[in-house]
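Two complexes come next, and they have one chain in common, subunit A, joined by subunit B in the first and subunit C in the second.
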Partner chain A sequence: MEHIPILRMGDFLLITVQVDMHDRLALQLLEDLTARIVDFGTRGVLIDISALDVVDSFIGRMLGNIASISRILDAQTVVTGMRPAVAITLVELGLSLPGIRTALNVERGMEILRQQLHANRFVAEEALQEEGADVAND
Partner chain B sequence: MSPTTDLLWSSILTHGGHLPIRTPEDIVLVRTAVRQAALHLKFGLVDQTKLVTAASEIARNTLLYGKGGDVLIEPVLASKPGLRLVFTDQGPGIPDIDRALTDGFTTGGGMGLGLGGTRRLVDDFKIVSAPTEGTTVSITKWSR
Partner chain C sequence: MPPTTELPSLLRKHESALLESWLAEQIRTGAGGVPISDSELRSQSREFIELLQQAITAGAIDDFDAPGFRDLRRFLEGITSVRAQVGLSPTDTATFVFSFKQVLFAQIRESVADPKVQIDEIWAATLLLDRLGLFVTEAHQKAREAVILRQQQEMLELSTPVVKLWDGVLALPIIGTLDSSRTQTIMESLLERIVETGSEIAIIDITGVPMVDTLTAQHLLKTITAARLMGAECIISGIRPQIAQTIVHLGVDLGDVVTKANLADAFKIALSRSGHTLVKRAVQK
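Right after this comes the complex of A and B.
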């Protein structure tokens, strides 16, 4: 069985799609990725598609599903490196990838994931402090 | 690429050729063949991408709804060079083509973008279908 490699980088998972995916391979990626998110407690997923010269509705839908499922599993997804010709074609096809965070390249994508992670930690700490204050007031 | 596939490409590029659409892997082969043919005809990058994407959408319809079929890839020469792709299946056919061409219409768990969206990606789009007689979709894109 073929698999798209999923690399672990600290709190994040990194996927660079290097081959033209057939439909089963795309579905396999979705399955593998969700299992990894749960196994590692991953907070962010970056998918680089700069090597893809075609993104059709099936692959587009798969990217959307990955983003939605990751969100439910408490992980953010960023799709990076989409080629301009692919972006033009997707929009003309009627697929504007709603709900998918994108970035021009991997570097910016990682930056977005780090910011999200810090923002979440900040909110979590604030909530903890407020809880502490409530207890003190009682 | 093996010598056999090289031979297949050069034959498709010069004379046109049929490719089977029986498995999801065949859809990838159709994408690759259409890309090669479009490159050969000096299509611009965006036009290549649009045509390959359109081919991928229709090839998937041929596989999922038509229960498999094939595609004829043929260069056409008019005032400018173009590429025509004719997808044929012997599946159950489409009862209401106008409805199938509406954005958002789907029966197979897709995104309902298949036909309506695909039509926007090409210069010419023809579909012939009758219940129980299968479906033929012909798309053409011209090199600018």
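Right after this comes the complex of A and C.
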């Protein structure tokens, strides 16, 4: 059984699609990815599809599903490097992938994930501090 | 040695009869479906017979490049280019010439008694008219090519350049009406440039778009969505008051697309989004 490799990079998971995504491969990726997110407690997923030059509605939907499922598991998804032809095809298919964050390349994608994580942490710390202050006041 | 032929005298003698039966033939065989009026067809047919007669009287019947044929060639080129421009097929145009055969052959059969001479005459007429038919087809093709060339030129003039305003900021000034095929070209060139320059912000300036209907708005939204999928953000600028009204009246939902009244504002926000600040200094005099 073929797999698309899922690489762990610090807090994030990195997936680079280097082969033609056929349907079963996409489903397998979804399976593997959700398992990894839970295993590692990952907060961010980056999918690079710069090598992908053919998409169909199924793959488009799969990308959307990956993002939705990841969000439920508390991980942000960024899709990077989508080719113009692929973007046009997805739009023509009516798949605008509203829940997905996108970036031009992996570098920018990583930046977005880091910012996101940082912002989340900041919010979390603030909340903790407020809680602490409340406790102190009591 | 060119063959001797009765064709010139035959044409001369029966000119009006030939014209009438040819016209009847053309109308019968559906040349009437052609968007050319009967009177025009009549004058064209008459001129054709006259010029053909002149040509073959003046010189050898099989020497198509002879100066005697010059007027005929020019005439055929003229009517062919008109026909090509109104969208007739080469077949329609060539049929104009070929339909003359039947009439001419009937006349030859009637006027020439000796069967041997008859065959010779018909052969000569066939050669001549085939040559003319081929010439017409060729001229038709040339006329079509001229049309295509002109259209290509127009397309080029209408094509929209994508300009780089700053590092990471592209601008796409659209001028003229946005139709499907044009949007496709614009979309493709914008997306290509986004990849090339690695720009994260693109400003679509529609100051030069005379009107926006639902279709145009949809095209714009598609372009913006495609750019977003690639990781670039679009800002629409140059929306004129009437167009803003139209967009709202049409119920078009621009969603969360950032819109600005003019390019300057859009550029300002693009700079601030990409982390630049503008500082105005006192001018040194």
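By our rule, the second predicted complex is superposed on the first by the 138 of 138 C-alpha atoms of A that agree within 3 Å, B and C clash if a C-alpha of one lies under 4 Å from a C-alpha of the other, contacts with A are read in each partner's own complex, and residues count from 1 in each chain.
The working rule: contacts are C-beta pairs under 8 Å (C-beta built on N, C-alpha and C of every residue); 3 or more make two chains touch, one makes a residue touch a chain.
All values reported here derive from a predicted model rather than from experimental measurement.
Enquirer: Scan A:D134 for contacts with subunit B and subunit C and give back first, second, both or neither.
Expert: Touch partners of A:D134: none, neither subunit B nor subunit C.
Enquirer: For A:V54, using the defined touch cut-off, is the partner it touches subunit B, subunit C, both, or neither? Pick first, second, both or neither.
Expert: A:V54 sits against subunit B, while subunit C stays out of touch.
Enquirer: Is A:L97 in contact with subunit B, with subunit C, with both, or with neither (first, second, both, neither)?
Expert: Second partner only, subunit C.
Enquirer: Tell me the contact category for A:M82 with respect to subunit B and subunit C: first, second, both or neither.
Expert: It touches subunit C, and subunit B stays clear.
Enquirer: Determine, under the contact definition given at the top, whether A:N105 touches first (subunit B), second (subunit C), both, or neither.
Expert: So A:N105 only meets subunit C here.
Enquirer: In the superposed arrangement, does A:D39 touch subunit B (first), subunit C (second), both or neither?
Expert: Neither partner.
Enquirer: So which positions on subunit A get touched by both subunit B and subunit C?
Expert: 83-84, 86, 88, 90, 92
Enquirer: Provide the residue numbers of subunit A that touch subunit B in the complex, in ascending order.
Expert: The contact residues of subunit A facing subunit B are 20-24, 53-58, 60-61, 83-86, 88-90, 92-95.
Enquirer: Using the touch definition up top, name the residues of subunit A that touch subunit C in the complex.
Expert: 79-84, 86-88, 90-92, 96-97, 100, 102-105, 108-109
Enquirer: Name, in rising order, each residue of subunit B that touches subunit A in their complex.
Expert: 24-25, 27-28, 31-32, 35, 45-46, 48-50, 52-53, 56-57, 60, 103, 110-111, 113-114, 116-118, 120-121
Enquirer: Which positions of subunit C touch subunit A when the two form their complex?
Expert: 187-188, 191-192, 194-195, 198-200, 222, 225-232
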